[in-house]
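Labels run A, B, C and D following the written order; every chain starts at residue 1.
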Amino acid sequence: MNQGIDLKSSGAIVLALIDIINENRAYLSEIDGAIGDGDHGINMSKGFSQCREALLAKAELPGLAEALDTLAMTLLEGIGGSMGPLYGSFFMGLSEALAGHAQLDAALFGKALAQGVEAVESVGNAKVGDKTLMDTLIPARDAYQAAIAGGADFPAAIAAMLEAAEAGWRSTKDLQARIGRAARLGERSIGVLDAGATSCFLLLQGLGKGVVSRLA
Amino acid sequence: MNQGIDLKSSGAIVLALIDIINENRAYLSEIDGAIGDGDHGINMSKGFSQCREALLAKAELPGLAEALDTLAMTLLEGIGGSMGPLYGSFFMGLSEALAGHAQLDAALFGKALAQGVEAVESVGNAKVGDKTLMDTLIPARDAYQAAIAGGADFPAAIAAMLEAAEAGWRSTKDLQARIGRAARLGERSIGVLDAGATSCFLLLQGLGKGVVSRLA
Amino acid sequence: MNRVINHPDLVVEDMLKGIVAAHPELQATPDNPRVIKRSCAPVAGKVGIVTGGGSGHEPAFLGYVGENLVDAVAVGEIFSSPTAKSFFDAMKAADGGQGVACLYGNYAGDNMNVKMAIKMAERAGMTVRTVVANDDVPSAPKGDEAKRRGVAGEILMWKTAGACAALGGSLDEVIAVAQKTIDRTRSIGIGLSSCVIPAAGKANFHIEDGKMEVGIGHHGEPGTNVADTVSAEQMAKIMVGTVLPDLPFGRGDRVAVLISGLGATPLMEQYILYSGVEKALSEAGVTVAVPLVGNFFTSLEMMGVTLSVLQLDEELEKLITHPCASIGFNRK
Amino acid sequence: MNRVINHPDLVVEDMLKGIVAAHPELQATPDNPRVIKRSCAPVAGKVGIVTGGGSGHEPAFLGYVGENLVDAVAVGEIFSSPTAKSFFDAMKAADGGQGVACLYGNYAGDNMNVKMAIKMAERAGMTVRTVVANDDVPSAPKGDEAKRRGVAGEILMWKTAGACAALGGSLDEVIAVAQKTIDRTRSIGIGLSSCVIPAAGKANFHIEDGKMEVGIGHHGEPGTNVADTVSAEQMAKIMVGTVLPDLPFGRGDRVAVLISGLGATPLMEQYILYSGVEKALSEAGVTVAVPLVGNFFTSLEMMGVTLSVLQLDEELEKLITHPCASIGFNRK
């Protein structure tokens, strides 16, 4: 334990993320439909599917860093609106942190997560409580880092991250949107989950599971 | 009897025609509303009122020929669509026939009526049975001329004209429009009177009364 | 229906105030506010080009008064012919001493008012000749062309005749060009919704959701049939399929294509239609030399589109691509 | 809602097919069909002008690609920002070696995608600078101008910056002109009906008959208030009354006025509004030097109007009256 996973052979984690988005396409759009324009699942699935094609077009499946870069670039190429740049920055941040490394250990994961979250923050300028994917992302990063600081090992820190991510995601139900399309609804945006926070939780979950399963 | 009326002092007949149109403004629009666009009274009243202003602006009320010419010109100036040229031609035809005469007798009235009707026909190209003002106008002219040919005196010929005008007007109720806005309704145009035929009957009635009252 | 108007009976007056305020190159004539002319008209030595028609079709008709186009226009009430006097006053305003070409559309009211206006013009010693546009195929069967309405094809006739006059053409030449243009133009409209005349307050025809009226006129005149809506590509096929055989157009023809929205149909959709029209034409061996897409001839906020196709020859292609400038039509 | 489309998910693709078919002077870039550029772009030695935004606003944005205007545009889905890659590709397509000015509107998605595009452009060694239009007064209070949306004022910025670039201006000069233009421009919209995104199939906001939404955004963003409809003259007073004090404009100012219909509002009504606007401005001592009226920046078939007023100085008046040619904007 605690050692880490081999990055070169872990590109399939990105394929798993793509599956998660495609499986939840209808669910994500349904959530977005309540207070947004009902296309979050469509948007995400469009970009992630393009990434699958890009990955499968390569001679062999690249390592995790390059696969994440491919995901980032296809999102920036394939979906406009807010999701392209937000998730594009997130995965680009992750990828850039991993680049040049052979192993992903707890420290590098913490660094990558921080870098990804920072990239999203800098492009989107949303804060915790705005009812966006930041409500999932920021508590997740904070919990991960607190766990590591508290001496937790890699799997335990990931478990802490996912617990916080889930709590953050669920917290969006009672929030009033202050950013994005739902903001125009004012108080009427309270009472339903945020679509981006939902996809973000699902993606972190996929990422965490992919890492943990390879740590065994 | 049989002699005729003084034209120079009969310009007020046109004022009477203007009153008739203004009094029937709502009625004419209502009829037009059933199968047309509901503006016949408005259109007519707009043009006829402009004529009143033009007549009252003159130093003294002109004779009948000139008053009819003023009516024709203000209609051609004041109302577009079909009514301007149709009634404009009618009154211009009447006026041109009367011009240069001092007296209006039965023969001249017949000539003027024929000239007015012919002018309308040549500009509008409608026939009896098309559900237009021609359904009033043509039977009226024909009846007048038949009466004269049959030896009737001036008032009797006018009475014959009005009887035929009324019958022609009423006949439009069961006709299907073949011309004008109502034509687009096809069979649905059957069952209501034609607006132009209605105003035409009212105008002929006003003209006839104006002449007969002056014959006494 | 929420509108940007002051009084429903004064929409034309109020529009004209805005037009002359916004366009110093246009003026109302001194004694008839219902005639809009180029500020520089009449142009001495040039054949005058006149048109006119009901309002509610903007930028038609007044939006085609401009450089190398129309000199003066008679402005009617909404969907109603201008008065005979306005047509006459427009003729006077356009008459630069070489005669006037009055180029208008085939509607009962317009025919009558122009006829009366010409009487007035003759009395005033003017030379006026007319060409009556009858480009709307569905409005009467082949063989009965004289009964057909004039629709957006009028614009093509103003364009070529306006250019001909600007290039120094005589009245005979201008009339010949206008007549040739309209003789070689065929149009068709598809209606997708009705529109409401402000003074009337309610639509006087109706098109249901999911239905389209093929062959509809600019005032809601009934078309040849009401059908279920189809894709833009199918619409293009129907329209091209109506227009081509009527002239007929043939393989190798070069054409000008004018697609106009009827008011509320977004420009996006007009270009979607154009793509289908161009495809259908090229399948028929017809080349689009001059494509024109936009709100050229509308019917208030009606939804729908019209297609006009003009068979070019060398002369017409030169004239239609000649520069022009106006509210509705600009070409460098 | 009856539409002229093939498939609701492909309206942008299909529109672009029509655009490039109808306009040989425009092209899609070879590897990105969502970038439309002047066929002659990049123009060597000229600063490139780029913009972009969601579709459904036609003729914005692609209708301003043209002579002395925009060089390349990134095209998004309906009412949704183009991708970062498209903005980047537009920058590449416009880059004539003197740098690129990316002049766009203040929307979250556009901000983010342009930001990412600039990262890509920097990696590629390009020089790109931006000006973000924020002319829509009702979208945030005074003092919070950075939060305001960009609306039709963007067109005025493209116009002056495009002219400046065409006249040989450096990137610094072009950026300064664009920034000055938008700093001196104030806009407001009034919505009278909603519109329907084809893929959504139903409106996502609603305006009742007899009501107007003052300060509405181009995507139905809520305005400052929903009120009973008033006359066009009253609307003009409300709009002018919102716009003038915000800059503030003052007596003696010369301005450019741009009135745009939102899609379904007839041109007739836009001119009726213009008449009221001109009156209200002249009562405030403000002279309209450059009036522009038409469907410049729409929202599908929304009913309503926007007003943009630009305070001119000598430089801006020269640039705004400079000739230009494109689908949406022509000036001789």
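Everything that follows uses one rule, which is that contacts are C-beta pairs under 8 Å (C-beta built on N, C-alpha and C of every residue); 3 or more make two chains touch, one makes a residue touch a chain.
As the structure is a computational prediction, the values presented were derived from the model and not from experiment.
Asks: How big is the gap, in whole Å, between where the Cα atoms of subunit B centre and where those of subunit D centre?
Replies: 57
Asks: Could you state the distance in Å from the CA-based centre of subunit B to that of subunit C?
Replies: Centres of subunit B and subunit C (C-alpha means) sit 34 Å apart.
Asks: Calculate how many whole Å lie between the centre of subunit C and the centre of subunit D, each centre taken as the average of the chain's C-alpha atoms.
Replies: About 29 Å separates the centre of subunit C from that of subunit D.
Asks: Note the residues in subunit A that touch 2 or more other chains, in rising order.
Replies: Within subunit A, no residue touches at least two other chains.
Asks: So which bits of subunit C are touching at least two other chains?
Replies: none
Asks: Which of line, ring, star, complete and other names the graph you get from chains that touch?
Replies: The chain contacts form an open line.
Asks: Which chains touch, pair by pair?
Replies: Pairs of chains that touch one another: A-D, B-C, C-D.
Asks: Touching subunit C in the complex: which residues of subunit B?
Replies: Touch list, subunit B to subunit C: 37-39, 73, 76-82, 84-86, 88-89, 123-124, 179-180, 184.
Asks: Taking the touch rule as given, give the residues of subunit C at its contact with subunit B in the complex, in rising order.
Replies: Within the complex, subunit C touches subunit B at residues 54, 76-77, 80-86, 108-109, 112-113, 115-116, 120, 197, 199-200, 204-205, 220-222.
Asks: Inside the complex, what are the residues of subunit D that reach subunit C?
Replies: Where subunit D meets subunit C, its residues are 1-7, 11-12, 14-15, 17-19, 21-23, 55-56, 58-59, 63, 67, 192-193, 207, 209-212, 229, 231-233, 235, 263-276, 278, 291, 293-295, 298, 300-301, 303, 305, 325, 327, 330, 332.
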